[in-house]
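The structures come next, written out as structure tokens.
In what follows, chain A forms one complex with chain B and a second complex with chain C.
Entry: the complex of A and B
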């Protein structure tokens, strides 16, 4: 939108959760953050990763919604669930390959990141990408990313045989053009028994 | 007389800390009437002083909007900046002056409070002399307040004993830079970082204490620069370090000398720079000969190969920079540590050019500006020495007093507390300082404060320290004053007033001037506004090292800040120092100074075999007076935890989440274990933002650097053991209430349902 795209560079994240703090300021979901920041493995590392909605071209959340409550706009942004339609069934929560939607039982509604539609539609950057002190979340023209980042933007993901392409890009090291997440990689049969730590 | 009143539920309800989660009136938009305005100003919560726009409605802060045009942070903010607006209109806010009574406090009129304070100060002066009255200031205040407080101490009270909480922050770096360069300021701007080829970060948890600066570090790496991080802990910036040096607490000097040794051995020395711009090289060079990497490795616990690599990376890069903060400075040899780092930069000619230099990161909101204009015990405005006859003469003229009336150098912050404990100082007047949480050896601090004959405080919340006061004047928050601050990179910036002080609270500057009048010295404090104070500050700084004369409020706003020194109105300001090869020393040269290794003041022993180091977390600021009242920040890191390496934890049978008793030669605390491989196995870490039973500063010691007088917060000796039980909940309840959601889930701690009652989920309605 307005020539800018959303990029997530997990390697830049410092875990400060400023994105979450800023997200929670939004008038439309007052005090609740739509962003998830997690330690990957705190006992062994300080590495953290921020996740916003990836805004899939063919959003699984919308496809599995029995109430047709999740809509994608012409701008490619997948909106949060429509309040009058959402039945809080959690199908989307289970189906999303990135773990983004959350059902808020107190209000019986699924809510997720809508890329600050109120801001981006008037030419502003999403709030999280504006405040992020490490610019792990950033909203930039594609040329700027090319000129100023060493990493490589990826918006094509594979989950097993499933292809998912997204509006939001992950910045990956240049040598990894496609992020492959194969369940088999994580299964016990392929694992070196010596690495196992109970 | 003062001892802390029993904090009954009523007192805690009124004065907190309670947790504020929502803007005034709640999230419902229709609760807010009146037009909305945006005020361009700066965040109050660290020395980066990020630009921010505060959203104001009906004289209340209701939110924020990023300020993307401000060049330093371009709209970026850490969670403290995002939530800073929640300190405005806070239920704990002091709205009236308070008088201590037997049971607690009662509101009194402003005039009564002033009369009482002035009378008690006069009584102590008459009985024991003016130096028996001490003044404490703070480095989170605008410079106008710092200036007027310094003048108040020396002109209205006539005491030499004024010092400030920057003594716990920047003084080792400042002292070292003054010795080496003749000027106490970072030589380079932040914008130099992405332009350097190698960056050494030593003792600086940049991601948590200066979060926005991380973007500058990452950009340097995107540009191909190498990052070297030296720290006993893997702080978040370590995730992208090209070289990580896990040094033992207190061994920084050995690491830096080891690096210098390699640089000399490999002849990576810039002989031309040394010859043209420096003195003292030969002695420093010779002193490095004994610090071969093997010797340095034994002292630091860092592999000799890594020390070699660091030295080669730093020495061979065309441009190199070194950044440091409290890790290097909070030591009884903090000045030596900083000098050793300066020596490394001088030896390699890395100074006075783009992407080449050293950088100290100020911690407090006005850490830089707050020390330049007169609340430091050894300085007069303009960063002038209080013992320099010419400086004394000039300032006496500006202040229209006789030079003989101007007191000499006084005691530093820790020394003042010790003099109170010895009974030599009888009255303390404190503004913007929470020593009970922030000074080392908190039990000693409490004993000292209880001995005071008079203790007066200006604050906007009833801090843990203010609970011991005889009188508390309700002062102003940052957003309630107009004035200037100086950021970490020496950019003088404008703080704009967003709201008026509520109730009978007053601007701190007004209180100080009114108090001066009550003390019969009103003629020296004729100021009607902070602007008039600033105009006098400009004149007082004229000709000093920190020369602000050419910096007007208007210029600051037009130019997005002006870097001092700026001696006249046409001067562009000084973004980078030493570009002309001129230093502020008496001979115009940079000085190499020999540094001697000394053991820490609280050495490890058989009884106390583990290093304890303390520091900050990203969601809290200093003693937590402000940030422990902001719910969303407390939720991010509700309680201090003790970081322990699994190897050490196993030795003591401690698992993640266990309660751990950490004991030093002073006292003990019981906190929860965070078992992680991201800290040295001979070291534990506890953050210091909390009071009472969870205060890391109960554990720290009062050893200070002989020159800078900074306490050695970063190195104590401790032992750990698995605690038999969690800390006594009644004690916690007595001392504090804002104890976060972990304890908030325990109904026995839910006073009147107040803790976390205004929680995210409950408040959210759609």
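Entry: the complex of A and C
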């Protein structure tokens, strides 16, 4: 929209949680952040990554929704669940490969990042990208990203055999055209993943 | 930018599309809105019909057409002709009282052709036994909802001319 795209740069994240605080300020969901700041490898590192909705071209959360509550708009933004329809079944929570949707059982509603479409539709940055001090979350024209970032944006992901292309890009090291995740590795978390690489 | 490309997909993805513009799910509120708006539409339509019926309708004018000689029709005789166009069959009778009367031959019920019954001095529709008076075309019995349209005739010397059609006689 307006020639700008959303980029997540995990290498820039300093874990300050400004994005979460800014998101929680929004009057449509005051006090609840739609962003998670995840630890990548908690026992060995303090590295964090901010996770906003990636807005998949074929949103898995919406496709598994039995109540038809999650919709993707013409702008490509996957909306938060529609309140009259959502039954808080958590199917979307289980289905999302990025772990974005969260169900709030007190109000029986799934809420997730909707890229502040009230702001982006009028040319403003999403709130998190506005406040991020290190621009790990940024809303920029593609040329600016090319000029100013070392990595290159990827919006193509593979989870096992599942191919997911997204609206939001992740800035990855230059040698990775597609981010592939071997899902089977993560099914055996208590074992050493190296054993299964062959 | 988003590419809403749609490859071959199962039917449910069409019926319950995840794309908001293709959403066919009807909310209770949308349905109520539809009901209310259509009711208002019906009301407006009925008011319009009422308004039109107060105005009344004028009978259109048609050119006069020659339909034969008056002297050839004796009492109880019938002549068929077409007026105002060739697709409008009409029937002219000289009734028992000696009056010349012409009507559209189409029954006002379901457009069957009506015939003159000499014995009863009435026009009869055989389809559903709708009977019309031969004197003025009014309904005597049966399903027809209104009288037969009257064909106005004029006698110029011995020559008969159809000069007009009176469709709805109650109003004029």
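We take it that the second predicted complex is superposed on the first by the 181 of 198 C-alpha atoms of A that agree within 3 Å, B and C clash if a C-alpha of one lies under 4 Å from a C-alpha of the other, contacts with A are read in each partner's own complex, and residues count from 1 in each chain.
Convention: a residue touches a chain if its C-beta (ideal position, glycine included) is under 8 Å from a C-beta of that chain, and two chains touch if they have at least 3 such contacts.
For clarity, every value in this text was computed on a predicted model and none was experimentally measured.
When the two complexes are overlaid on their common chain A, residue A:63 makes contact with chain C while staying clear of chain B. Of the two partner chains, chain C is the only one touched by A:72; chain B is not. When the shared chain is aligned, chain B comes close enough to touch A:47, but chain C does not. In the superposition on chain A, contact is made by A:17 with chain B only, not with chain C.
When both complexes are overlaid on chain A, the residue A:152 reaches neither chain B nor chain C.
Put chain B and chain C next to each other and count what each touches on chain A; the higher total goes to B. Applying the stated contact rule after C-alpha superposition, one finds that A:83 touches chain B and leaves chain C untouched. Contacts of A:36 after superposition on the shared chain: neither chain B nor chain C is touched. For chain A in complex with chain C, the touching residues are 55, 57-59, 62-63, 65, 68, 70-76, 79, 84-85, 165, 167. Contact residues of chain C toward chain A in the complex are 1-5, 13, 16, 18-21, 23, 25, 27. Those residues of chain A whose C-beta lies close enough to touch chain B in the complex are 11-12, 14-18, 20-22, 24-25, 27, 29-32, 42-48, 83, 104, 106-107, 109, 125, 127, 130-135, 148-150. Contacts from chain B toward chain A in the complex involve residues 21-22, 27, 29, 63-64, 66, 68, 73, 75-79, 81-83, 207-208, 211-215, 218-219, 221-222, 234-240, 618-619, 632-633, 636, 646, 656, 674-678, 760-766.
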